[in-house]
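We just call them A, B, C and D in the order they show up, numbering each chain from 1.
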Amino acid sequence: MTAVPDSNFAMALMRPRSLNPTKMLGRIFVYGCLVVLAALFLAPLASMVMTSLKSMDEIRSGTLLSVPQAPTIEAWASVWSSACISIACGGLKGYFGNSFLIAVPATLISVGLGALNGYVFSTRRFQGDNILFGLILFGCFIPFQIVLIPMAGLLGMLGLAGTIPGLVLVHVVYGVCFTTMFFRNYFVTVPAEIFKAARVDGAGFWAIFFRILLPISWPIVMVSIIWQFTGVWNDFLFGVSFAAGSNQPVTVAVNNLVNTSTGTKAYNEDMAAAMIAALPTIVIYVAAGRYFLRGLMAGAVKG
Amino acid sequence: MTLSKRIQAALPAFVLSPSLAAIAICVYGFIAYTALLSFTGSKMFAKFDFVGLRQYERLFDNPRWITAVENMAIFGGLYVVVATCLGLYIAVLIDQKIRLEGVFRAIFLYPMALSFVVTGVIWQWLLNPGLGLEHMVRSLGWQSFTFQWLVEPDWAIYTIVIAGVWQVTGFVMALFLAGLRGVDTEILRAARVDGAPVHKVYTRIVIPALRPVFLTAFVIEAHLAIKSYDLVVALTKGGPGVSTELPSTFMYSMTFTRNELGVGAASATVMLTSLAAIIVPYLYSELRDDRRA
Amino acid sequence: MKSTFASLAIAAALSASVSGFALAQDSVEVLHWWTSGGEAAAVGVLKDDLQKQGVGWQDMPVAGGGGEAANTALKARVTSGNPPTAAQLLGMAVNEWSEEGLLGDLTSVADQEGWGTVVPDAIKNFAVHDGKWQAVPVNIHRPNWLWINAKVFKDNGLEPPKTWDEFNAVADKLKEKGIVPLAHGGQPWQDTTVFDDVVLGIGGPEFYKKAILELDDAALKSDTMVKVFDQMRKIRGYVDPNFSGRDWNLATAMVLKGEAAMQLMGDWAKGEIVKANLTPGVDILCVTAPGTEGSFLFNTDFFAMFPVGDSKLAAQHKLAASVMSPSFQEAFNLVKGSIPARTDVSGDKFDACAKKSMGDLKSAVSSGRLLGSLAHGHAEPAGIQRAMFDVVTQHFNSDMSSKDAAAALVTAINAAR
Amino acid sequence: MANLGISHVTKSFGSLAVLKDIKISIEDGEFLVLVGPSGCGKSTLLSIIAGLEEHTSGTITIDGRPVDGLEPKERDIAMVFQSYALYPAMTVEQNIGFSLEMSKMPKAERVERVGKVADLLQISHLLKRRPGQLSGGQRQRVAMGRALVREPKIFLFDEPLSNLDAKLRVEMRTEIKRLHQRLGATIVYVTHDQIEAMTMATRIAVMKDGVLQQFGTPENIYDRPANVFVATFMGSPPMNLLPATVVDGASGPRLSLKGTDVTLPLPSSVTARLAPGSDVLLGLRPEWLSLAMEGASANPTLTLHVDVIEPTGPDVFVALRAGEREIMARLPTGTPICPGEKRAFALDLSKAVVFDAATGVAH
């Protein structure tokens, strides 16, 4: 595993380690700006976490960013396993599982298909290949609201209405546009001679893909997985439209929990629910952020 | 040709075909279907009674749509400009060989990981005068502090910009950071030898070299702006009044809430057309000459 | 390794969905937006009731925006040819679904159970189309209530206002004392709830019928309508600055805590009152909205029945019959805060406000003053209703003149037709 | 090992012809170098031999068997690429053994073959490393190993030394030549470097603009270039070309050098009958000039102005001037000569070549 390459600029720009006063001021300025910005970016998350650890009484009396006086994970516990969503009082945990059952296959399938598509687009030239690729790319940009109704009809025809495989299918279809783009842009940076060498060595279509290309593709695989998993996990519109009650993903459940029309608002529970729903994706971003950057460098950004 | 050769030759097409079929139906088929519906008098469900351009007339006669388009211009413009500048600025800061770079990166990136349900809940809180920022500052002693953008019809759209920028800036930063790390160091050394101060090196050499990244960032931001829907629903539900209505929320409410499928389809068609106007030239320039021989 | 994991995940997903579909033959799937608090408890009542009859309950809750998300989900379900057994719909929505020919038929059960005689006509009109029962009413809500914090009024020596002029006088006094006169949440439906009350209170039932139910141009443009908007402008001055986007229950909480004195809201506000250990009618007074005494605005939640296969018809009929049974209507509405949709249920167990509601309902039925609420989907189809929302809420949130607002109302309605 | 035949091969993209009617054939064990400036079509021709690209018409035979339309793996060839094209994710061992693995050779045999090749190339200690951990020269060896291990009928090299520094390049050049001699393998080698071509080849094919200019042994190409292009492309410094006119002399036609009053006898190599008055170019390699010894030589002499002297170690390149024209001579180190002098130079016309001034073709 290689870390993200060191900063070019710093290396090129830094004078030998003589910290003159201007230099010091510069460093203080840089760190000052970063810390202020980071605090601003973190404030929403911090207020969520702190609110989720307070009791309702404390929430009513304090402010958003006050530190909980008597931290309690009651709200978390309740939201996870016992809060009532309509008549079901099992908390979010079941829906959490649904989200995994949707997001994991949808991510793997769309990343797999995208890798193969990108492979074909980057290594085979055929009539109209660029136009075809452009058409796929445009699919990235389609607003999802407009596909809800026709997609519902299609799922019905396929007999997948209301099911988890149906949702997986929907996410794969719209995810494949992105993954194809990612992989194609990555694969065109692989030197053509590698493919030629592999052909001379007798490697066929699949051997080139699995033995030669895939092992060097992990940066872009990571980007695609992060992108897809986050997208599918956070989806609400498809989930609410295409999943039957017991198959609903966690976002829909959180919405049902938070968006009450007549219940009292339990803000600590709302925040805990929001946090629980966001945890897997936050963890992925924090843990794999550097790979995300690497992958972007390796292909997603043209520079 | 032998059978196995034929299979080999057909493999690429075979590999592509499922995705192509799915996209042909689920992207272009559905777009065509929507475009078709925009010429019908459909109300609750699709009905193929063609009414010509009537739905487009109704669309542009609708003050709500006009507001939505104006808001789009304000929101889209600010969103793109602010996110690009802030993202670039943070990327440059992070690129100054700082300690804890990974931590800072994670902090700026994490909002991308949150869904709108979550984002909306937080920002509704933070921006609400009675609960959030204003309340907090006042309780710290500054009694006359006011921050009421969320509830002022003329200002509410800017709260959407704030939340939107907060969410996307990390991604833009990552793009720029990746771009910065790809700039040729030789040029930078040369600039140093020529005696250019650091900020000049950035403004005169580095940032111009990032032109392709600007383009990528612009396209990503622009399409996110046009697709923005979740944020508005979560934060203001289009209010106060209709002051934060966007084309996407307009389209959704016409189609699903008001049972005006025809008008909704017309607005979707207008949206798609403007989206294509942005995306197609970009795709064209991207794909024209980046194929290796 | 990866592929094995993928296939495992797919297999798991498949089995999960299959089990999700493996409903007992005798079961119903109900789409609704009652996800929490009293609403969810009320659904629980129905579920238990059906379970006793051996009918399973497949829950399909979709919360948010007074059923907007649920409506999207419902459209997707119906389009995919997989409608739920029943879905919660408001009155006009039942009409719209019925006009699309997408609802089932309950007439056989209705005749057998004799629903025709016990449901008020104004409500029956939404449930019955072309002589066929297609939906069953669960409750009757009354949106034209004014909720008053009794202590605040007593402390300030105020009497509940009976007309809008009195309301203004009371509000001015409260404002002087530094108390928010009216707790309000700036959402289109809440704005329009107030608007309904003002139209009915200033124009009277005949004007409401003409302007709101019949969309009579002359009435909409009349001076009365201008006066209505004048009053709306006044009311805008009686709410606190942070009203925008506020949920109704937070506004109610303001009244309960005495931060605000009054709220114009439907009787579902009782749930909040009870939860705060206060007594409706005692701690928090319930009076009809100013000038609307003798009239009864209503909104009713229906369970609209979708055509399901013969195999599920029996369960669907059991569901309908259950909903309409006096015992369920009583149990459900006790929890929900509304009153039964059938008029032959005893009000003994209900609170003071509900009792008044039941009495007012009877007299309104006989005087023809039982009127569908615009804000709550019992006056106009969604397209027109929302177009009117737009005008009302835009006027409320800007400095638009009353005349312009009345004119805009006409334009918006015509554009939406 | 096998012979290779390329007959009437053309390749075009639409109306653009990149290869025009190429005819080359070499025997078993020969070392063919395709040389020419970039864009001359040499790499395309190599790709066609490899089966990586398809030609438009013509036939390629390997070992007498037509291979047109066959996949690279069916042609029994191996190839070494300019960028080495090592598989980044595989170890050296896996890289070398990959083709054997693809042909489903049993593991034990594979390991043995890889080991043998690694020994031969002295890279046994690198077998567990990945390409990223190797130096340029090591990568080059691995790329060779990958080709050697297959024991193919023909080896194809696509500018394999151009990414190495000068010293390594010379070393590897020798090494490749040694391998060739040891294995007796048939090799097709593409380069734009004429020294590589001269030093390694047993046969050279010089190409320009998709057209084969000359095909022959290195000596042949060097001494008897078929045209002006070959004459100037091969050899460094390039062959001097002196404009001249054919004039009638007592013992037959002579060449009158333009801008001088010198006339020279026609070189013996010229077989064609040259009409008096026709314009020609007299081709002289720099080493065919020498300082004229006082009255000793039978060779004709030419008095030239000494302009610049460039010592290279064993030799001295001397830039000479005859009027406007510059002429290079290659003299042994130690030749007593100074810039600014006028000296008489003897011309060895026994090897001189005469080209038609208009067409550039050798007479």
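Some notes on this structure:
Here is the rule we go by: contacts are C-beta pairs under 8 Å (C-beta built on N, C-alpha and C of every residue); 3 or more make two chains touch, one makes a residue touch a chain.
As the structure is a computational prediction, the values presented were derived from the model and not from experiment.
In summary, the chains found to touch both chain B and chain C are A.
Comparing the CA-atom centres of all chains against that of chain B, the greatest distance is found for D.
For the pair chain A and chain C, the distance between C-alpha centroids works out to 38 Å.
Averaged C-alpha coordinates put the centre of chain C at 91 Å from the centre of chain D. In whole angstrom, the spacing between the mean C-alpha positions of chain B and chain D is 58.
Centres computed as Cα averages put chain A at a distance of 15 Å from chain B. Residue positions 71 of chain D are each in touch with at least two other chains. Each of residues 256 in chain B touches at least two other chains.
Those residues of chain A in touch with two or more other chains are numbered 148-149, 151, 255, 258. Within the complex, the chain A residues that touch chain C are 84-88, 98, 101-102, 104-105, 108-109, 112, 148-149, 151-153, 155-157, 161-166, 168, 240-242, 244-247, 252, 255-265. On chain B, the positions that touch chain C within their shared complex are 43-45, 58, 61-64, 124, 128-130, 148, 150-151, 153, 156, 236-237, 239-243, 253, 256-260. Residue ranges on chain C touching chain B, taken from their complex, read 65, 68, 71-72, 75, 79, 96-97, 99-100, 102, 186-188, 241-245, 381-383, 385-387, 390, 393-394, 396-398, 408, 412, 415-416. Residues 191, 193-194, 196-203, 207, 211-212, 215-216 of chain A are the ones touching chain D in the complex. Put simply, chain C touches chain A in their complex at residues 2, 5-6, 9-10, 12-14, 16-17, 20-21, 29, 32-40, 43-44, 47, 57-66, 69, 72-73, 75-77, 79-82, 247, 249-250, 253, 268, 271-272, 275, 337.
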